[in-house]
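Common to both upcoming complexes is chain A, partnered first by chain B, then by chain C.
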Partner chain A sequence: MNNSSDVRESIKSKVPSVLATNPRLVMFLVLVVVSTVLSRGVFLSPSNIHNMLRQYSTIGIMAVGQTVVILLAGVDLSQGSMMALVSMVVAYLNVNGFGIVLPLVVGLLVGALGGLFSGTIITKGKVPPFIATLAMASICRGLATLITQSRPIYGLSKELLVFGRDTIGGIGIQVIIWASVGLLGIFMITRTVYGRGVYAVGGNEKSAHLSGINVQKVKLLGYAFSGICAAIAAIVITSRMDMGGPYVNANDNVQSIASVVIGGTSFAGGRGSVSGTILGTVIIAMINNLMNLMLINPYIQQGIIGAIIVVTVTLNQRKARTE
Partner chain B sequence: MREGKPILEMRQITKSFPGVRALKKVDLALRAGEVHCLVGENGAGKSTLIKIMTGAHSMSSGEMLVNGTPRELNSPQDGRKLGIRAIYQELDLLPTLSVAENIFMEDVPKTKLGLVDWSTMNRRAGELLGMFKVEISPHSLIKDLTVAEQQIVAIVKALSQDSKVLIMDEPSAVLTGSELERLFGIIEELRKQGVAIVYITHRLIEVFEIGDIVTVLRDGENIVTERIEAVTMEKLIQWMVGREMDEQFYKETVELGDVVLEAKNLSVEGLVKDVTFQLREGEILGLAGLVGAGRTELLKSLFGQYQVDSGSLTIFGEESRLKSPRDAIAKGLGFVPEDRKNEGAVLCRSIEENISLGVLAKRKFKFLVHFPTLFKTAVELATYVKIRCHSLTQEVVTLSGGNQQKTVLAKWLASESKILLLDEPTRGIDVGSKLEFYKFMAELVRNKKSIILVSSELPELMALSDRILVMSNSRIRKEFMADEATQEQILEHAIPQELRESTSAS
Partner chain C sequence: MFQNRTQIKNKVGSNFSGNIVLPLVFIAVMLIGALISPLFFSVQNLRNIIIGSATFGILASGMTVILIAGEIDLSVGSQVALTSVVMATLAPRSLTLAIFVSVLVTVSIGIVNGVLLTKTKMPSFVLTLSTMGIVRSIALVIGDGQPVYGVPRSYASLANASVGGIPLVALALVVIYLLTWFFLKYTTLGRSIYSVGSNAEAARLTGINVNRIKVAAYAISGFMAGLAGLYYTSYVTLGLPDGAVDYETEAITAAIIGGASFFGGEGQVTNTLLGFLIVAIVKNILNLMGVSPFVQPVAIGLLIIVAVGVRTMRKS
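Let's turn to the complex of A and B:
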């Protein structure tokens, strides 16, 4: 069985099959080539790549949390509004003399508690995730505007700006945060008992329950994690913009879900990965970057992103069907 | 005997999936008015063959002739246009719509304005149902019908559009006595109308009752096609398993140990009433009863799925109040549900992950999973229960029914369950795998495990059990030692009092 020609044969057959079974990787490679050619090499310059990653780090961070929720056959529509709320809370506490640590801790807590709250409505109240998180989004948005009657908060302390502006070894801190959250997500999903639970619950809730998994706990923690990711993203964006904004990027929620979907995670739950999502965010970043380099109207860009979501999901579905 | 030209002919059909060849040069010819039975073990290639026939799968090589003309089908729609239709085990009816809506799903009658012509639709549905002499209203919702009635609606739906070839994939699996007779009546009617029927079944006796001709598939090859008159049951089984089978059941006598589980006056609101029994180490306790007698509910109550309202449950000498399956698993229980697709396995995950759920259920790891342990356990158990697959990373959905069932069982072996609750474990599993399963159960009890077995197949239940409890209307009505009971006695207690009176009156 294990003689060398067999091994060679299997490697030979595996290379194309990796590409065939992973449309995202193909898309990524094609984009790299196309972008490089069209931008006459500018695309591949370290500064361009770095800028791109910095810009998309908030979406990347949110998407990691979103992945867990979608793997659980749910969705979190409250991430964007949660970001606005946390941004306001952190900024408010900071400018009112509570320093750095407390605002950050409270910000993360708000994210976690918000997620737990959505999770509770979903598990105990049997409300569909779509509705529960939509309601949560409205609550967060309302609270965010309530704090200052919808005025942004300026004048944050300098130390708070570290997260969105400084670099370590030439790499932006927000990129490092994204990478850390991503690695944490990968680790959590692939290496922990909890991760196994996520796949089982998302794949088949009844079987998971009958296999002794605490389904409610798994779901609650999933939504809490999504909330925490939104809170981390909020800290990064607050720091980058140097203000607490009650309306920060409403579109980010869409992009976070898009990253997950382009990353190959099934909306039906149970299938997908955090690593796929990270690649998904990078693909969205690259497409936007390419369109910017080509001076395409930003409003048209949104439409193009939408079209790409449709295409990738269609391809994923077709693949699932032929299997 | 009709020797006319075949309506549909499949020649030298080969189908390869990555890593496996599912069909090897299979020939099959269907003629009008003929019931062609297709039998074979799980994984023999029956499903693949019918999926090619309907156009759901493409073939790797070979050709298919419809009325003598070679045709290439790219989708089930192509097949439907040629009058080839299939009724699968999982009925593709929409539960919240009416019978009529389901029947005319693909060809809704319309008024001149292009709106749905409800009156025509309901009238025609009524006519079609009337042809089969069944009392089903076109207005009823599918979810309110019995499984047997749903089956009939599925058949009527298939026939509403002039089907020439009708493929029935295990239509009898969920039917009982009189319902089965009704199905056979319908098939007889279709035969007269000149429809070519492919009938797939695991209940071999049906082949002789309804078939004209039988084809046996084994490992993707057409082993034999023979007219029924020239076939015996022994030969059929021999062809299917590829060896002689002189035993249908398997049971070893095991010395019984202490009482491991004891229920006293156990009641669950509306589901289980006043149940008292004991289970001993090494025992196989059979639960007999009709569908809806409360057998599944009793198993689920023992497994912590339903909360017990009154009475007591003692497991290994400890009185236990189970709040969830999690508690039951911790006490050493394992449950193989009847509905393995929805309750048993996580279909979209790998074999390894499914088996590992058992290891995780033992709460062996607190936070991190230890992959070597999981993989080692999964490999050992998959080999032990003989799951047929090319890799343990394969998704369970790609396995045949029997192998899915083995995966669920392996999960409970991984959790080291000492008491196994098996709900219709052999339903939809072929003869060869069944025997394998019986031997396996014998081995389990030899290793000091105990089993509570629910099965609607009385001969099976009687052959495997040490003792049999008969249930009806959520209560245990009678207890038999398995070797003392007869089918008639068991049935007598299984049929609820009211029903018995009404039948004796008529």
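Let's turn to the complex of A and C:
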């Protein structure tokens, strides 16, 4: 009797403090309530939630990679264009009779090599990450349109469509891929030597170097991982749209960054988490879902994402300064 | 130590990349152009180069000011699109009003960028990436995602107009670059932008209001985006809410090839002019060679990497 009331007391005292330290969770809960009320319960229906997760899995996958580079005090502005390039490469190889496995392997390789290339420019050329990846974005966009003179590629083989369309046990495969990439990211960042290297390099590059960490290698692998995530997202979206698309919405890159920012990762590097990012993507998905439910002009939506980034970064920095 | 490094960087930057190498590269690309096609030096082709690229040229002068201040402005492409929509919407009523409102809007966007930057202390590429989306949204909402017609024909013909055989916009570019050059070199505000960019803390200690200077730099960037938008509207002859995508990348490329640094305090608008011409000529050469236009973004990306890479190697 006494025990249970103690427990209740301690939960009561902990809940507000958890909420106070985690504005994402508050945002998430508020969004759940508001969406549920405004949609008269439709929001909470399994099919709505499932659709939402399927739709945002590509952004969610990219955001996991983006988290690692932002933790390294960098950024990857080439993810959106890389996604377009990989989508075209995979589709091109697939419709030209190279089967399934080879296009997928080559697609992932393109992502990894592209990331390594950006990483090399950043580490060896001492180019600021946003400029290096901006240049990389331009290169990828050009190559993506070059393959077919900017025409989409149709007629993919059926086996390629499983990644964006099939389900396992009622759950869309792309959601499972997102969850796997997310778990891999969490594991990599929190449980491996590499993850500790990421936090060390992002927190203070000089002291990381002095403590014997190979800073360049950590950064190179970070950008390679970001490129691979963009490639996985490309495979999912190619499969979902049943075509290779040379123009993937540039907004996707902004949403990937927004997920990371809302997830609480700091642009100064060294502070943040992949789990926060996953919640960040879910929050963005819910905001967009809510705007659709409220029939808000879709053209306003990318502006709202931009505004959310500004507000969140401001709040995060306020918090960091008061701490 | 950091101060020393920026001082050395300043000296190296102005002595080498500015004075000798850049004009040589410029002459080299001209020669390559002449060798590749007899059409290169034709009056028509030279006109095409300027008229087709002038929007980037105007943006690049504003981008140079922002880079000297040690910041970046990724929202200028969206600002150009917004200007074209505002122009196409208002010009049928009154052209003067349309021009006035357009420039007022972009200068205000610049001021908002600057104020948000100085108040929130967030990295400028994140901030302007966000305002890029916001400004693009506004353009799309005003135009309802569709091209806006209504630019008067007389205004649309300005892009192709000439004075004594020289395109009007070429003269405009000369005036814009001369004014920016004069501003950066001979006004207090211009010189303050250099000191804020090379060492904000030192600038603050000498009594410069760093925040105000940064806001001013963004206002100038907005002003230039407005001018670029005015020209763009005449060039494309309508309001394009989804137009001018990635124009900021080309403006940045021109400024960087011209020797502006991302670390601030460095860069000359005269060199940016050369950088802009080099990029425009390289694109023209690719066209004359019959290379697919889709190669151009690849070339732009590589030019950025090569320009920065060469500079870094020379410094180390």
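We adopt the following convention: the second predicted complex is superposed on the first by the 310 of 323 C-alpha atoms of A that agree within 3 Å, B and C clash if a C-alpha of one lies under 4 Å from a C-alpha of the other, contacts with A are read in each partner's own complex, and residues count from 1 in each chain.
The rule we apply is simple: contacts are C-beta pairs under 8 Å (C-beta built on N, C-alpha and C of every residue); 3 or more make two chains touch, one makes a residue touch a chain.
What you see is a predicted model, and the numbers here were worked out from it, not measured in a lab.
Asks: Once both complexes are superposed via chain A, do chain B and chain C end up clashing or fitting?
Replies: In the arrangement built by aligning on chain A, the partners chain C and chain B clash.
Asks: Would you mind checking which one, chain B or chain C, touches more residues on chain A?
Replies: More residues of chain A are touched by C.
Asks: Counting only touches as set out at the top, which of chain B and chain C does A:270 meet: first, second, both, neither?
Replies: Once the two structures are laid over each other on A, A:270 reaches chain B alone.
Asks: For A:309 in the superposed arrangement: first (chain B), second (chain C), both or neither?
Replies: Second partner only, chain C.
Asks: Can A:301 be said to touch chain B (first), chain C (second), both, or neither?
Replies: second
Asks: With both complexes superposed on chain A, which partner does A:45 reach: first (chain B), second (chain C), both or neither?
Replies: Touch status of A:45: no partner.
Asks: Now for A:180: first (chain B), second (chain C), both, or neither, which partner does it touch?
Replies: neither
Asks: Go through the superposed model and pick first if A:143 touches only chain B, second if only chain C, both, or neither.
Replies: After superposition on chain A, A:143 lies in contact with chain C alone.
Asks: Once the shared chain is lined up, is A:75 touching chain B (first), chain C (second), both, or neither of them?
Replies: second
Asks: After fitting the two complexes on their shared chain A, where does chain B collide with chain C, if the options are 91-99, 181-189, 235-243 or 253-261?
Replies: 91-99
Asks: Under the touch definition given earlier, write down the residues of chain C that touch chain A in their complex.
Replies: My answer: residues 72, 116, 119-123, 125-127, 129-138, 140-141, 144-145, 245-246, 249, 252, 256, 262, 292, 294-302, 304-305, 308-309, 312.
Asks: With touch defined as at the start, can you tell me which chain A residues reach chain B in the complex?
Replies: Going by the criterion above, the answer is residues 191-197, 199-200, 203-204, 206-214, 266, 268, 270-271, 323.
Asks: State the interface residues of chain B toward chain A in the complex, per the touch definition above.
Replies: Per the stated touch rule, the residues are 303, 305, 324-326, 328-330, 335, 337, 342-349, 353, 356-358, 360-361, 365-369, 395, 398, 411, 415.
Asks: Flag every residue of chain A that touches chain C in the complex, lowest number first.
Replies: Interface residues on chain A, with respect to chain C: 75, 77, 121, 125-128, 130-132, 134-139, 141-143, 145-146, 149-150, 250-251, 254, 257, 261, 267, 297, 299-307, 309-310, 313-314, 317.
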